[in-house]
Every structure is written in structure tokens, then in C-alpha cells.
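Look at the two complexes coming up: chain A is in both, with chain B in one and chain C in the other.
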Partner chain A sequence: MSYTSFLYLFGFLGGMLLCYFITPKRFRWVILLLGSYLFYIAASKNWVVIFILVTTLSIYLGALWIEKINDIFKKLKGTLSRQEKKELKEKLIFQKKIVVVILLIINLGLLVVLKYYNFFAGGLNSALFNHLSMSLPVLKFVLPMGISFYTLQAIGYFIDVYRGKYKAEKHLGKIALFLIYFPTIVQGPITRYDQIGKQLYEGHAFNYLNFTHGSQLILWGLFKKIVIADRANMFVNHIFQDYAQYSGIVVMTGILFYTIQLYTEFSGAVDICRGSSQMFGIELPKNFNQPFLSKDINEFWQRWHITLGLWLKEYVFFSVSLSKPFKKFNTFVKKFGNDYLSKLLPATTALFFVWICNGLWHGASIKYVGYGMYYYVIMLCGMYFEPIFKKIISVLRINIESKWFKTFQVIRTIVLVNIGMLIFRADSLQSAFQMLKSCFVPSQLPLNMIPTLGIDIHDFVIIIIGAAVVYGIGLIKEKGISIRESISSMKLPLRWTIYIAAILVVVIFGAYGKGYDAVSFIYATF
Partner chain B sequence: MNKMKSNAVKNLIKACSFLLILFIILNLLSAAFLPKNNTLDAGIDYESTYGYRAEEKDSLDIVSFGNSDLYSGLVPLQLFFEQGYTNYAAARPLESISNAYYTLMDVYKYQSPDLIILEVDCLFHSSEANDADDAITNVLYNYLPIFKYHDRWKNISLSEFTENVHYDHIVTNKGYIYHKTVEAYQGQDYMNNKKRKYMTTSTQIFLDKFVKLAKENGSEVMFVAIPSAKTWTNDKHKTVADYAKSNDIEFLDLNVEFDEAGMDWATDSRDGGNHLNYNGAKKATSYIGQFISQHYQIEDKRQNELYNQWEIDYQKFIKNK
Partner chain C sequence: MDQLLEVLRDMKPGTLIDENSQLIEGGILDSLDVMNLSVELNDEFDIEITPLDILPENFATPTTIYNMIKKLQEED
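Up next, the complex of A and B:
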């Protein structure tokens, strides 16, 4: 069951809202839990649910175990001498670490085996086993829906409990709902337990404003996904599958359309999910914040897939930065390196792990490693060459506050991101390189060539207009204007005219039905 | 409390009014977006499915429904030639019973057939969720055709907003799609394969509605399974046979009576056992024709001058194939 299917929009979501609001408040979370399991089973194979059950049970019990260890320390610390306290603390920290390692082995292990086994097996075979006339077999695994998302949420939960950020949850149902909540299970946003746990459990009263705002967000998401992304997909597939036939502006348009597709699809899906959740009164975190208005790559990643960036910062960057070996390394650099390097090397090292994880999280392939490393190198360039850039700016007397310079920065970021998207979409790093090279071979894209590229001229125009609308709305939002609130404050006839026009745009210009293939969400496969 | 209640009532009235206005607008636009003829050029989704609309009113004895198995395995013109039954195969690729139900509703606007044939492979297409989605989609498509024909915005003309429909495109093959390729099925006895054997909830609901609608309109219903080594199994046969028995419906499974029908997988398939080719369709049609003549009282129209065109069309089909 896809978020854009009629079954979800008219059947499942409508049914869930009805059941939720007619059930007594204290049992409303049960409706969400049962509905989420129903959604999960309907959207994937029945037995696959076993994997999320294992994750749920393991982190529930593991977190309680960590909590119990904390309680032992609290109980005994008053009766012990300072030395004994220190020894007990060390012992209990060690025990907690053991629990965390077990939980990581279970949960990360499941993800690694199901998603990455063949990738690593292939690597090991070509690097080692093939030379010994041996090989690890290629295995066919079913990848449970949402495993990359709920595993991150699960890890975040028990690490937070380990760090003492909040207490372990004693209610198994609450943990189960946190992991499988139907608007987040397929492709996020990746949530933290302290962010939505309480919201999920408390029964919310029906709120007309939440309902209308949620509906608007769903409609906006449908516009992005069905009108723009699914239409652009046909052009993109055509160019990327047969890239050797094209060059110059045609390939550039293919890459640009993929960037448009990925953004409108992923952000559209998240809008549908956030809108669905808002109808129940549950606020999910934002995952995008006008990323294509970013002035540099660093800012881009603070605006793009925000919840993944925050997760990597919280659980990879900090875990690496605060680890003992890393601290020792920092001390070593400070002692023997110069000031410049001692400022940059620690971040360089910690960021390496962040970007390798980012790349690999997206998929088990060398091109995704390349994708992560591409952004890593750009960020390092920004950090290491900052003094040179500043010098150039000062020599050329560039006013960095001027409008044209900011526009230049935004365009530069868009170009760099498009190259990143090329790596992301191409079949391999080699194909990406070939396509990038072919961009510099002059060619033309006459209007009569468009119908040979997977779409017709009408579709082409809709993609361009749609992307311009999305960008324009982004510019308005960036100025701090809330479109939804502005529309809500209009008089009823104008408001309804806008709503009906928006619905008609999606119904009429949507790329669905005969002649269009239903396009699965790209991030749902990660 | 009272204020809250009155607010809730006000909001409910607002929401209902909004939905009503939206429905009216979608309905008006649906009339404009509806193809004005049963041709691909006019924008119809499957030209060969809707050819019954252009046949002389109430002239068809039999209308059959199903997926690609049906339009590859039943030759309506041959059925007329051999048995004298005027008939049409209103099939389409990946047909579902919910869509067949709405097509049957449409059939009764133009025809009053004595017999409705359902090719039963379409009862086992998909999962519960996909079937339910398909059913909701078909409900929408039926009541608000703008959802089905929305893509016509690319070439719709202003005059279509006021124009009435006029279905006059005769489909001379009467829904059959000709394939002469031979690709033999080389597998084992497929009837013992394990495939999903139960009908999904929405399939059961729409099958019941389909049978009820046919009977209410005075048509008899017959189930047929056209041979398909890639999709059919014993388990599916049993499921359909049970349903047919409890609803007093005749069921002819050509997978079971494969040898009796004189069929041969070495010569009768166009794609390795999934669909029949013309050679297989000829044998299947003859066998189905004999079965109908033995079980139903349908007038032979071969001597009726009003139906001479069927004979001419058959000869043309034989010549041109």
C-alpha cells in the first residue's frame, strides 16, 4: 500500500481517523499500533513483520536492562566509599556497554546481513577468496520494509537510554508503536523517542485546524510526487538507461530532472506522512527546509534529509568524537601538530565516519560510498581552503553580503548537489563519470526531440512549471511566511477556490493511471 | 461545551459542503473528459474492450469478461460461425473483477445478453491490499471518470465540454486479439503448482456483485478457465468450482479438459504457456461453443439475415489473419 494509492488516501487513512477518534482517548494509541501493523503487513510480505518484532523486543528488553544497571548504581552509591563507588561505576558502565554491544549486534547485525551481506561478500571474494579459489555465496534476502529507518530509530533509543538522556520505556506497546508508526515506517522522517513517544501514546482530541492543515500538507505532497516527480521519472529513466546516446544539454537536463524528481518525491512523501500524522494531532519533525536555497554544502545538509543528518551527528559524530581513542588522537595532534591542523584534523576524522555511514546507509554499493565521499571531500575542501577563499574574497574586494554573491553561492551549491545526484542515480561510479564528461560535449535539445525522450512536450512543460512553483513556494517560506496560515486567514470563498483548484491540478495533471507506471518511492528501497 | 458542540457541527457542515461542491465540479469535468467515441484517438483506454457499445442495440447474445487469457483464447467471430451466437469479448489486460463489474454495468446500457461468460483467471490477480486499491480505483473511475481520463487534458478541445458521446466504432474482431506466434510450453504438469488459491475479500465482494447484477438483468452466468500453464493450478480450479457450485453456475475449465478439447502445448501457446495463440484459441472456442450449445438455449442466428455482417466479418477475419 503506497502513500499515494487511493486505498491509503481514501480507505486506510480515512478508516484510521474514524477509528481513532471514536475510540476512548486512553485506547487511541492501540488503534495507531494495530493500524500500523496492518499497514506494514498490507505493504509487504506477512512474515517480514518478524524482523521488526525482533527489533522491538530486543531494544525494549535491552533498554530495561540498562535501566536496571543504572538503578543498581543509584541504590548502592549511598552505601559505598568513594573508591568502591568508582569501581562499581566502572563495572556497571562496562556492563551497560556489553548490553549496547549486544543490541547493536542484533539490530545492526540484521541490517548488515540483510542489506549489505552481498556487497561485503562480493568485496571479500574479489579481494581475497577468489585468489584462494574460494568464494562466499551470493544470497537472496528479502529486505524488510523500512528496516534502514526503524533500525536507526531503535539504535537512537537505546543509546539515549545508555547515555541517560531519558529513562527506558516500561510499556512494550509504546516502543512497538514508536518503531512501526505508519507515517514514518516507509521512509521516515527518522524520529527520536523523546520527540514523538509521548505524542503517540496520549490520545488527541479531534482538531479541525490540524485536520485541514494536515489535508493541505498531503495535497502539497501529492502535487510534488504525482504531478512532478512521477512525470520526471520517465524522462530521467530514459536518459540514464541510455546515457551513451546523449550528451551536453540533454544529459544536463536528465541530471537536473533527477534532482527535481528526488527532491519533489522524497519531500512530497514526507509531506504526505507529516500531513497524515498531523490529522491525528501528532507533529512529526521536518525533513526538508528549502535545501536548494543553501549557500554551501554544509548548509545544504542541514536542510536536506534533516532527520538523517541529525541522527548521524548525534549517534556517529558524537560517538566517534567522544570515544577514548579519538580523544587520545586529539591530544596527540595538539601536542605534535600545528594549530591549523590540530583544529581541523579531529573534525576531518569524525566526519569521515559520518559520510561513510551516510553513503552506505543509502545502499550497499560502491557508488553510494562514492556519494558519501563526494560530499566529504567537498566539506573538507571548504574547511581546509577557507583561509585561501577568504584571501581571494578580500583581494577581489567581493562583498559577501551582496545579493549577486549570495545568488552565486546558491547556484554553486545547486551545481555541486546535481553532481552528487548524478552519482546517486547512475548505475555505477564509472557511468556517473561518463555522464559528467558528456555534459561538456556540445549538443542541443530542440523541442521536437523531447517526445523521443520518454515524455511529451506537455509533460516537459508541467515539470518545468511544477518545479518553478515548488521553488517559488520555497522562496516565500524562506521569508518566514506560512502559506497554510495565509490561506487559512483568507475569506471562505477564496480559500475554497484555492483548495478546489489545487485538488483539480493534482487530479488532472497527476502522472497516474493508464500510460504511467506507478513509481515506488525511491527512499522506500533504502 | 455547547459552543464546542456548535463549532463541531459548523465544521462538519462546512466539510460536507466543501466535499459536495468538489464532487459537483469533478462530475461536471468528468463529462467533458469522457472520450466521445470508443476509439483510441478519442481517448478511450482500451478500444477493443468497449466495442460492444457500437454493436446494434441489444444484438449480442453473449458478452464475455476477463484478462489477456480471454482476448487471446476466445474468437467471437468463430463462435458465431460455428454456433450462430453473436458475442463480444470485453476483455482487457490485467482485468480485475471490480473493473469487470463496472464494465458489465456499462454493457447493460447497450446490450441485453442471454449469457455472461467470466474467464476466471482475473479472480486471482493480486494481494488483498492491491485488490482493495484496484477496487477503490475502479469505483472512482466509474463514478468520476475524470480520474480515469484526466490525461486527456493534453488534447481535449473546448467543444468536448458540451459534446455528447456517440459510440460508433465497430471493432470487427469483436474483442479478440490475434497472435500467430508459436512458443511451446515445456514445463511439467502445472496444475499441481502452488500459487495463491484464495480470492481476496474485495474480489469476493465484487464477484458476488457481478453475478447478482447479471442475474438481475436476466442473464445466465458461466465461468470459463482458458488454458494457462503459467498461472492456473488445481487449487484455483477447486476454489472456483466451489463458488460455481454454491451459486449454481456452470464452470468449464479447459485446463482440466485440455486433452478433450484437442489442445497441445507444443503448438497452441504464443509465449511458452502463458497465453494461447490463434491455433489454441480456435480449439478453445470450438470446445466452449459446444459446451454452450449443450447447456444453454441460445438462438442460432446464422440464418438470420439481420446478422449477415457477422458472416462477412468472419470471412474477412479469416482472410486477413
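Up next, the complex of A and C:
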């Protein structure tokens, strides 16, 4: 059951809204729980649900165990001397770490085995076992739907309880709902328990504004997915499958269209999910915030796939750079290394783990490791060469607040991101490099060539206009104007004219039916 | 406070920083700088900054950082 299907939009979502609002408020979260399991089972194989059940049960029990250890310390700390308190704290931290390790082995273990086994087995075979005339077998696993998303949510939850950020949830059903909530299970946004837990469990009353705003967001998501992304997909597939045949502007257009496709598809899907959730009165976090208006790569990653970036920052970046072994390592480098460089070392080391995790999270292949490392190197360059860049700006007397300089920064970011997208989409690092090289071979893209590239001229124009509309809307949002609120404040005839026009645009210009293939969500496979 | 200001000035050479400089809002520190600074502070003041302490309000100005250091030293 895809989020863009009639079955989901008019059958499942409609039915859920009806059941939710006719049920007494205190039991409404149960409707969401039952509906989410129904959605999960309908959208994947029946027995696969066992994996999410294992994750749910393990983190529920593990978090309660950690909570019990936290309580022991709170109970005893007032009665102990400073030294005794320190000793008890160390002992209990050790116990908590054991629980965390067990939970990580269960949950990360499931993800690693199901998603990465063949990748690591292949690596081990070529590095070691093949030399010993042995090999690890290639195994075919079923990847449970949403495992990369719910595993991160589960880990975030028990690490927060471990750190004492909030208390463990006592109700198993509530943890189950947090992990499997149907608008987030397929492709995020990756939510945190303290962010949506309370919202999920309190019964919300029907709110007309939430309903209309949610519907508008769904419609906007459908426009991005069906009108732009699914259409661009045909052109992109054509170029990337046969890239050796093309060069110059044709390849560049293929790369640019893939960037447009990925952004409109992923952000469109998240809009549909956030819109669905808003209809129940549950506000999901934003996953995109006009990423193509970023002035540098660091800012881009604060605006693109925001919830993944925040998760990596909170649970990988902080964990690595504030860990004790790292503290010792940092002291050692400071003693024997350059003072300025040693000050940048914490972020340098922690970012390495962040980008390795980011790359591998997207997929089990060297290509994705390369994708992560690409951004890692760009960020390091930005950090280490900051004094040089400042010097150049000062020598050339560049006004960094001027409009043209900001425009230059935005264009530079877009170019760098497009190269990243090329690595992400290409079959391998080698083909990405070949395609990048071919961009510098002069060529032309005459209008009569377009019909030979998987789409006709009308599709091409619709993609360009659609992308311009999305970018334009982004510029308006960037100025702090809420389009949905502006529409809501309009008079009824004008408001409904806009609604009907928007529906007609999706229905008329949507890439579905004869001549178009239904395209699965790219991020649903991660 | 002088020791803290020295750490900050070493980290951001050429930037004028006093007790009330707006470090986050003024764009002097970004998230990577905050991390580098936290590790430096752990070392310099023998404290243990945890992920729960990494909040914009704790790193807003040198004064708020100083208050956080004092609090962590007292808790230890």
C-alpha cells in the first residue's frame, strides 16, 4: 500500500480518521496502534512483523532496566559520601553500559545481519577468506519494511533513557506505537520519543484547520511526487543506464533531473506523511527546509533530511567526541601535535564516524561509503581552510553580505550537491567518475533529441516548470510566509478555486496510467 | 572567566570576543565549533560535559558557558 495510492488516501487514511474520531479520546492511541500494524502487514509480508516486535519488546524491557538502575542511584545518592557516591556512580554506569550493549547487539545486530551481511561478507572474502581458499556464503535476506528508520528511533529512545533525558515508558503498547506509527514507518521522518510520544497518546479532538492544512500538505506532496519526480525518473533512468552514450549538457541534465527527482520525491513523501499525521492533530518534525537555498554544505545538511542529521549528531557525533577514550586520544594529540589542528580534532574524528554511518545507512555498498566520504572531505576542507578563506575574502575585499556573493555561495552548494547526487545514483563509484568526466565533453541538447531520452517535450517542460514552482515556493517560505495559512485566510470562493485547481493539476499532469510506470519511493528501500 | 576567554580566542583567532559576545546567534560558533570547544573545556577545566549539556542556551555567550562550567564543577 503506497502513500500515493487511492487505497491509502481514500481507503486507509479515511477509515483511520473516521475510527479515530468516533472512538473515546483515551482509547484513540489504540486505534493508531492497531491501524499501524494493519498498515505494516498490508504493505509487507505478514511474518516480517516479527522483527519490529523483537525491537519493540527488547527496547521496552531494556529501557525499564536502565530506569531501575537510574532509580537506585537517585535513591542512594543523598545518603552517601562524595567518594562513595563516585564509586556507586561508576558501578551503575558500568551496569547501564552492559544493558546498552545488549540492546545494541539485538537491534543493530538485526539491522547489520539483514541489511549489511553480504556487503561485509564480500569484503571479508576478498580481504581474507579467499586467500585461505574459503569464503562466506552469499545469503538472501528479506529486509523488513522501515527497519533503517525504526531501528534508529529505538536506539535513540534507549540512549535518551540511559542519559537520563526522560523516564522509560511503562506501557508496552505505547512504545510499540512510537516505533510503528504508520505515517513514519516507511521512510521517516525519524522521530524522537520526547518529540512525539505525548502527542501520539493524547486523544486529539477533530480540528478543521489541522484537517485542511494536512490535506493541503498531502496535495503538495502528491504534486511533487506524481507530477515532477515520477516524470523525471524516466529521463534519469534513460541517462544513467546508458551514460556512455551521452556527454556534456545531456549528462548534466540527467544529474540535475536526478537531484530534482530525489528532492521532490523524498520531500513529497514526507509531506504526505506529515499531512496525514496532522489530520489526527499529531505534528511530525520537518525533514526539509529549503535545502537548495543553503550557502554551504554544512548548512545544506541542516536543511536536508534534517531528522537523520539530528539523529547522527545526537547519538553518533556527541557519543564519539565526548567519550572517555576520545578524551584520552585528544590529550595525547595535544601534547605531541599542532595546537590549532588539535583544536579541530574532536570534530574531525567524530565527523568521520557520522559520515561513514550516513553513507552506510543509505545502502550496503562502497558507493554509499564514497557518498559519505565525499561530504566528509568537503566539510573538513571548510573547517581546516577557514582561516585561508577568510584571508582571501579580506584581500579581495569581498562583501560577504552582498547579494551576489550569497548567490554565488548558493550556486556553489547546488553544484557540490549535484556531484553528491551523482555518486548516490550511479551504479558504482567508477561510473559516477566516468559520468562526471563526460560532463566536460562539449555536446548539445537540441529539442528534437529529447523524445529519444525517455520522455517527450511536454514532460520535459512540466519538469522544468514544476521544479521552478517548487523552488519559488521555497523562496516564499524562506521569507517566513506560510502558504497554507495564507490560503486558509482567503475568502471561500478563492480558497476553493485554489484547491480545485491544485487537484486538477495533480490529476491532469500526474505521471501515471498508460506510458508511465508506477515508481516506488526511493527512500522506502533504505 | 579569563581562562575561558583565552580558550575561545585561541579557537577563533582574529575574532573579538568578550564576556557577553553572542557566540551562537552572532555566528562565531557553529555546531562543529561547539563540539571542539566542549572537548577543550573538558580538558581545560577537568569537567565532564555530557550530550545533555550541549544546548544552545549553554553556549550562547562566554558568561553562559562559564555558568555551565561552574555548575558541572559543583556537581562533580
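A few notes on this one:
Going forward, the second predicted complex is superposed on the first by the 517 of 526 C-alpha atoms of A that agree within 3 Å, B and C clash if a C-alpha of one lies under 4 Å from a C-alpha of the other, contacts with A are read in each partner's own complex, and residues count from 1 in each chain.
By our rule, contacts are C-beta pairs under 8 Å (C-beta built on N, C-alpha and C of every residue); 3 or more make two chains touch, one makes a residue touch a chain.
Predicted, not measured: the structure shown is a model, and the values here were computed from it.
Bringing the complexes onto one copy of chain A puts chain B beside chain C with no clash. In the superposed model, A:L7 makes contact with chain B only, not with chain C. Once chain A of one complex is fitted onto chain A of the other, the partner contacts of A:G164 are limited to chain C, with no touch recorded for chain B.
Measuring from the middle, so to speak, at the Cα centre of chain A, the directions to chain B and chain C differ by 170 degrees in steps of 10.
Residue contacts after overlaying the shared chain place A:T331 against chain C, while chain B stays out of touching range.
Of the two partner chains placed around the shared chain by superposition, chain C is the only one that A:F317 touches, whereas chain B remains out of contact.
Of the two partner chains, chain C is the only one touched by A:N298; chain B is not. Looking at the shared chain after the overlay, A:K343 reaches chain C, while chain B stays out of its contact range.
Fitting both structures onto chain A leaves chain B and chain C with a minimum C-alpha separation of 41 Å. Common to the chain B and chain C interfaces on chain A is no residue. Listed in rising order, the residues of chain A touching chain B in the complex are 1, 5-8, 10-11, 42-43, 206, 208, 456, 458, 496, 499-500, 503-504, 507-510, 512-516. Of all residues in chain A, those touching chain C in their complex are 163-165, 298, 313-314, 317-319, 321-322, 326-327, 330-331, 334, 339, 343-347, 350-351, 379, 383, 387, 390. Chain C makes touch with chain A in their complex at residues 10-11, 13-14, 30-33, 35-36, 38-40, 42-43, 49-52, 54.
Interface of chain B with chain A (complex): residues 7-8, 11, 18, 21-22, 25-26, 29, 45, 127-129, 132-133, 136-137, 140, 146-148, 150-151, 153-154.
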